[in-house]
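Note that chain A is present in both complexes that follow, paired respectively with chain B and with chain C.
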Partner chain A sequence: MYWTRRSRLTGIAYLTPALLFVLAFTAYPLARMVWMSFHKWSLITPPSWVGLDNYRRAFADDQFWVSFGFTLKYTAIITPILIVGGYLLALLVSRGSPLRRLTRTTVFIPVVIGLGVSSLLWYWLFSTDFGLINRALMDLGVISKPVLWLGVDADVSMLAIIASVTWKVIGFGMILFLGAIQAIPTEIHEASLVDGASWWQRVTRVVLPLTLRTVLVVTLVSVIGSLLAFDQFYIMTAGQPQNETATSVFYVYLNSFPYLRLGYGAALSMILALTILAFTVVQLLLTRRSHA
Partner chain B sequence: MGMDLIYAPQFEDAQQLVDLTDRISAWPELKTASKGHMTVATFENRLYGVPLYADVSALFYNKDLFKQAGLDPEKPPTSLAEVRTYADKITALGGGVKGYYLPGNCAGCNIFTVGPLIWASGAKIEAAGPGDEPLVGDGVKQVLQWTRDMVKSGNVHEGDRTENGETFHLQFGSGKVGMMGTGNFNITLARQQNPKMDFGIALLPGMAPNSSASFIGGDLVVVPKGSDRVDDAVNFMKFLLSDEVQVEVYAKALNLTTRSDMVENKYFEAEPLVQDVAKALTVGRTPYTLTFFEQINSPQGPWLKMLQRAYYTDDNLDTVIADAKAAMKTIANQ
Partner chain C sequence: MTATAELRRSRAVTARARPRRAGGYLVGALCLAICTVMLLPLVVSVLASLKPTAEAAASPPTFLPHALSLDSYERLWTYQQGLPTYLFNSLGTALLTIAFTLMLTVPAAYGLARFPIPGKEVVFVFLLLSLIVPYQALLTPMFLMFARIGLTNTLVGLAILHTAIQLPLSLYVLRNSFSAVPRELEEAAITDGASSWKVLLRICVPSAKPAIVTVALFAFIMSWNEFLGALVLMSRGSSFTLPLILAASRTETSLGGTDWGMLQAGITISIIPCVLVYLLLQRYYVSGLMSGAVK
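This part shows the complex of A and B:
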């Protein structure tokens, strides 16, 4: 009994730093946000209790739901690109050769750049007057006059932003998929070769099933990241044209800070967070079911 | 502390700034301090700050393009009708040159450079607070119609539609724009970008000849509530407004003086462009509202929406203005 109690205390001692970290940087901010969502608070005036008013307002706020719809559309388009593209890149660089290692590094480098910096870089690349993309396309004869990439047509703007984000983050998925692919024992590959399986058959019948868990994790991370998209839209289009490329988080940001409506912003954040939680739970349940 | 002057009324209303009325209101320097700054530094007849830094908007024009188009480079336009006439001639030069510039996706750029066109035309833009009426005066529709006509007549680059403010400061220096509303900061930038370009500065005009206005922006020095060093802050304010600092610090660095009576100085005399842009202080104003960001500066706000519909669609302008008015009133009434 002495050892059990001691080992229990030792375990708690080891857990304490992590617990404190989670309490300070996750639990407390979340609790504070819940509290804020029930108040009217501009930050420069004292908060006042308003109950569910912020939530009632949020459900009646057309702009929030338009932004939410756009965010879902963006997520639905970019997620398959990142997953399929990342997986194909991982297959491409999974064997060791100098060129493949160079490719791996080149594709991964943009991952370490901040999203804000990357968005600014691509804003300038897509610039109608000063950008290299239009210049290159015109010099190659692909277009005869500059394309208005950002802030004029919502779909063109979204595709331009998807291109920039794909450039930046596809390497992250590639690395995770690469780790999963390289973890497959060589004997399994050899056995499938002996059985006469083609490359495609090996990929679809052997590699993909054995890396499915990683695919689902990367998909989950990608979906969450896309549902929380902000930097790229704030910097590259500022939600233009006519708020058609304003994401949910962009709207939350505007309400919370420039409009000085922290309470309302907190309520919008809670709705968004609960929606993402619901998506995550559904995805995890589907994952478990597929393994069962 | 220094703060963006445009948000001062909001902080004053929230009682977050120290009331300095009894300490500074009798200062003679304040009689000639920037009117725009002093307007927003005042709330319910109480004074909360003094000017720290001044930015003004003006009409920059490319004298080289003027000469090529057969226009007198020493005679800038004094009305929007003249701007249109001159722009037509400059655009006709071709070679990627356009007569004017209208930023399509930047609310702040537009209040800075199109707002004064509306003020100069005798109209009002923002709702100051609950119950106040925004977008009042025929000048609103007249200017919106003028901007629409400028776009339709091809006097602005198509790429202007994508401008969200990131490259706004580079447009005039490109040498491809005949005339453009921009700020005093562009004097140095344009010279660095295009040293050979000869350009001049005039006041932003309105519909009627010789009408003009400017947006006075910049910062105020204010004291946050709870400060233990109010006396020191007040001494610093006095220092900033002194003759010596106005000339030997502001003017020497070719920054605008924050007192209009200090515009005539040896440094500005050696730089006629700075002297020209300083004239904007006398006709300038600063919007006064408790909800500036949401009404005007927000990328999702009614001001930018109204302008985009005016510039790039054929929507009925009365409807466009009415929609913006309703949205701005809703915001102001919160």
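This part shows the complex of A and C:
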């Protein structure tokens, strides 16, 4: 073997700092969250055991369902846009002309910007009286008076936020799809070309089937990201109108911090974490297979 | 029939070598349109940050500044605790996150890649715990723990949270990279009597330099941009990071209306390091993304 003596102990020594770190800053908070979710606790009064009450309360809480439903709706609308859009962009830039390479780099730039900062940028662009979007739409004659994009109507707000988030993250899928498309051996491309397949036939019969696993994995990563959406809603609508645009993470935040319902917030976190877990397990199973 | 197939074939082959002209122009126009849509929000934001005070507050807004000025940057420089404080907080947290992440994951990845460890798979999955449990769900217990040990409102505290977020990806990338280092190099050094620590520093780390750059790059960008964790852990104005003070500035200046010019100045300053680092280290960024998300 590699190190003759004491190699096990040496190996464990190298792992110890990371293990202790995860124990203290991930495992312990997780255990603590489970414990909190079975208690009623408001920081002022000491915690008291309430069993499953927090969970029962969540399922009877209208706002919990409003938040959960809104988050699902947001995820259901934005995911196809990001995946189909990202895939089409990847197809467009997959060959190496300078202009296409430039497009690749440009589409990816917003991905490295913070979601918080990009949300602030779009908060300004969509602002009713000071934003360039209303100004441009009025100049073009599309609208006659400024639109109240954010925080007045839940659907209009979601539309605006989806536009901004699509701008911000569409390059993420593109770059991963691009990697998968470029990994297809050139012989396969050439064979389909010689067979006289049209561009569309090549995409649907050759490229797509060969990159399907990547498409599934990116879809899951994207779904998980959308289910955990917070920054864009906190910054662009602050949950308005009447918490209709408060996502699941937003509702956890509201209960835990401004309202100080620590036990209830923990139960909501648990429900959220379990929902995410279901998706993560599928993702890990899909990624594991690539190593086999 | 055969003729058509022949024709198609020859056309297909030329199409691959040199795109047909009409199609080529269409693709070119599409590429330019996409580039414009992607760049426009950034360009108008930077331009808006350069408008003089009165123009930046105008309604309806102007598309292009009628005059250039650094007024907005001057106001941001002295806003509340002043821009230097917020830059220091953001940069300090990001650098601490890079340091913590590397200090923890370089040795751990080496241990996993090179040593016989009992229950290695279980250990690895445990280390990837924060990949399975989203940190958004752990913020309340984290906050309570940090409040007890005095880590709220400190850069170290926020950097610890960011390290916890970043740890799985780093470990994954580094472990794969260390596993790919040829063993012959190390075995020669061991025969010469080098300790395992020396082998790590002299052979493995230099060979895995691209992976280490990738890990540091991801840690920087995540920490510099992260919002929710900072919002929860940093309640005191003097410990705010850049995204926090910008988000707060909208409501705090709202008595006289939001200071849009100053907001754009702040957005521009937040964006610059990310874009620069990305353009300089694009290769590392893309490879990290591939191994982190797909493999």
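Keep in mind that, in the parts below, the second predicted complex is superposed on the first by the 248 of 292 C-alpha atoms of A that agree within 3 Å, B and C clash if a C-alpha of one lies under 4 Å from a C-alpha of the other, contacts with A are read in each partner's own complex, and residues count from 1 in each chain.
Throughout what follows, a contact is a pair of C-beta atoms (placed from the backbone, for glycine too) under 8 Å apart; a residue touches a chain by one contact, two chains touch by 3 or more.
Note that the structure is a prediction, hence the values are computed from the model and not measured.
In the superposed pair of complexes, A:S42 makes contact with chain B only, with no contact to chain C.
With both complexes superposed, C is the one of chain B and chain C in contact with more chain A residues. Of the two partner chains placed around the shared chain by superposition, chain B is the only one that A:T237 touches, whereas chain C remains out of contact. By the touch criterion stated above, A:I113 is placed in contact with chain C alone, chain B being left untouched.
Touch criterion not met for A:I78: it reaches neither chain B nor chain C.
Of the two partner chains, neither chain B nor chain C is touched by A:A90. Contacts of A:V252 after superposition on the shared chain: chain C is touched, whereas chain B is not.
In the superposed pair of complexes, A:L176 makes contact with chain C only, with no contact to chain B. Of the two partner chains placed around the shared chain by superposition, neither chain B nor chain C is touched by A:M158. Touch criterion met: A:L121 reaches chain C, while chain B stays clear of it. Taken together, the two structures place residues 120, 123-124, 127, 129-130 of chain A in contact with chain B in one case and with chain C in the other. In the complex of the two chains, the chain A residues touching chain B come out as 42, 44-45, 63, 120, 123-124, 127-130, 145-146, 148-152, 237-243, 246, 251, 254, 258-260. Only residues 10-11, 14, 16, 104-106, 157-159, 161-162, 164, 166-167, 170-171, 174, 293-294, 297-300, 305, 308 of chain B touch chain A when the two sit together in their complex. If you check the complex, the residues on chain C that touch chain A are 5, 8-9, 12-13, 15-16, 27-28, 30-32, 34-35, 37-39, 41-42, 44-45, 48, 57-61, 63, 103-105, 107-108, 110-112, 114-118, 123, 126-127, 129-134, 136-145, 160-161, 163-164, 167, 171, 183, 186-187, 190, 196, 221, 224-228, 231-232, 242-243, 246-247, 250, 258, 260, 263-264, 266-267, 270-271, 274-275, 277-279, 282, 285-286, 289-290, 293-295.
Those residues of chain A lying in contact with chain C across their complex are 1-3, 7-8, 10-15, 17-19, 21-22, 25-30, 32-33, 36, 89, 92-93, 99-100, 102-103, 105-110, 112-117, 120-125, 127, 129-132, 134-136, 138, 167, 172, 175-176, 179-180, 193-194, 196, 214, 217-218, 221, 224, 228, 230-231, 234-235, 249, 252-253, 256-257, 262, 265-266, 269-270, 272-273, 276-277, 280, 287, 290-291.
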